[in-house]
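Some notes on the structure that comes next.
Chain naming follows the written order as A, B and C, and within any one chain the residues start at number 1.
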């Protein structure tokens, strides 16, 4: 293999990594538009078949949604639909992403903003840790873990993973 | 054309797409710093000559600003200048971007935070859909549409476009 | 040098710039997870040895933290630890980044959200200007300047740098 070909192959690997990170951002930032509109099928398709969303409802209560169907069901709950009718936004911070071959992780924050007759307000604030897997159809969410930033020490255990490259 | 040359040309196309997305993020994230400082000429230059900003003032009232001059005028309104003097931030979420050749779209959220003697608060929360066009001078905004997330169903119609690749 | 080799070298420069911007985003988005968890050593390591964090506490009072040790000390203050126990999030907006060889700048917003028994709220809202330097160990923060968006005109002087490519 010529020196130039070696250079091109190394460049191709670097370009792939750049693309991977942009695609993982796309997936993360697609969550809100799915949840806030009830677009359950599209939102669910971000998850792997055996993917999980493990979320904190309160400091003491966590719930798990499983696979595309479980995520789609979340968007169709009476509670979520009522929030959407009042005005609601699930917004992610720009997370720290680490890609390792065919798996990847992202660490950041999410906020749920809501609307009431008194105006807009921050309803929930959470730490988020995402795990991804590269499938034949592209990147999918293997696990998202979310805990309220209400002093829950588990939320801080999630956040600190931003510094963990492995 | 040699195999290696083919590989390099394909790589060049992928690099161009990565650059396009980074540049579109730059444009979107330049909006706030223009509006919150009254830098109307710079903010206006993000828009195409025939570009439009179609924004919801309330659920029932929308307004349109046209072209760089129309955008610059928004930054110079007495209302905006008073907000800036009190403390104000137009902050975009990281949007989902789809590039198709020489046009592109982005879908996300915006929030306007304000300051009063009682502290900081979320004044407005909106769904945003951006359309871009590649001009000889680079990417420009062709149309930004913004609707309050106060239950307005049109806001949800904008948000769901995050899943529309076309 | 062949035409193809020239093309590859130009491509390598463009890829490096894309990587630089992604890495600078990573650094900026690592700040919150360090501050909100007390991970002082990791957070400090984002800064250059002679790096500075110059931040506004109120409109009239600014403070400076110096180098990795100074940043680490911030995360260990009784005040910050108490905020973390109550629930706290330092969240950055996606900033505008300009890279110039071995230095770079980023301009954007930061918010500190806190939790109290009445729920979550926006405690602080600031304009941010970051300066970076490329060291043998990678990009590091040379200076971060932060001013409250409470009408302080210096905050607006920072924000408008988003349009300054130089």
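Here, a residue touches a chain if its C-beta (ideal position, glycine included) is under 8 Å from a C-beta of that chain, and two chains touch if they have at least 3 such contacts.
Because the structure is predicted, anything quoted here is derived from the model rather than measured.
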{"item": "Classification of the subunit B:subunit C interface as same or different, half of numbers criterion", "value": "different"}
{"item": "Rotation, 0 to 180 degrees and nearest 5, that superposes subunit A on copy subunit B via CA atoms", "value": "120"}
{"item": "Chain centre separation in whole Å, for subunit C relative to subunit B (CA means)", "value": "22"}
{"item": "Overlap residues in subunit A, where contacts from two or more other chains coincide", "value": "4, 8, 11, 15, 18, 93-94, 121-122"}
{"item": "Residues of subunit B touching subunit C in the complex", "value": "2, 4-5, 8, 11-12, 15, 18-19, 22, 25-26, 29-30, 32-34, 36-39, 42, 84-89, 91-94, 113, 115, 119-122"}
{"item": "Subunit B-facing residues of subunit C, complex", "value": "4, 7-8, 11, 14-15, 18, 21, 93-97, 107-109, 111, 121-125, 127, 148-152, 155-156, 159-163"}
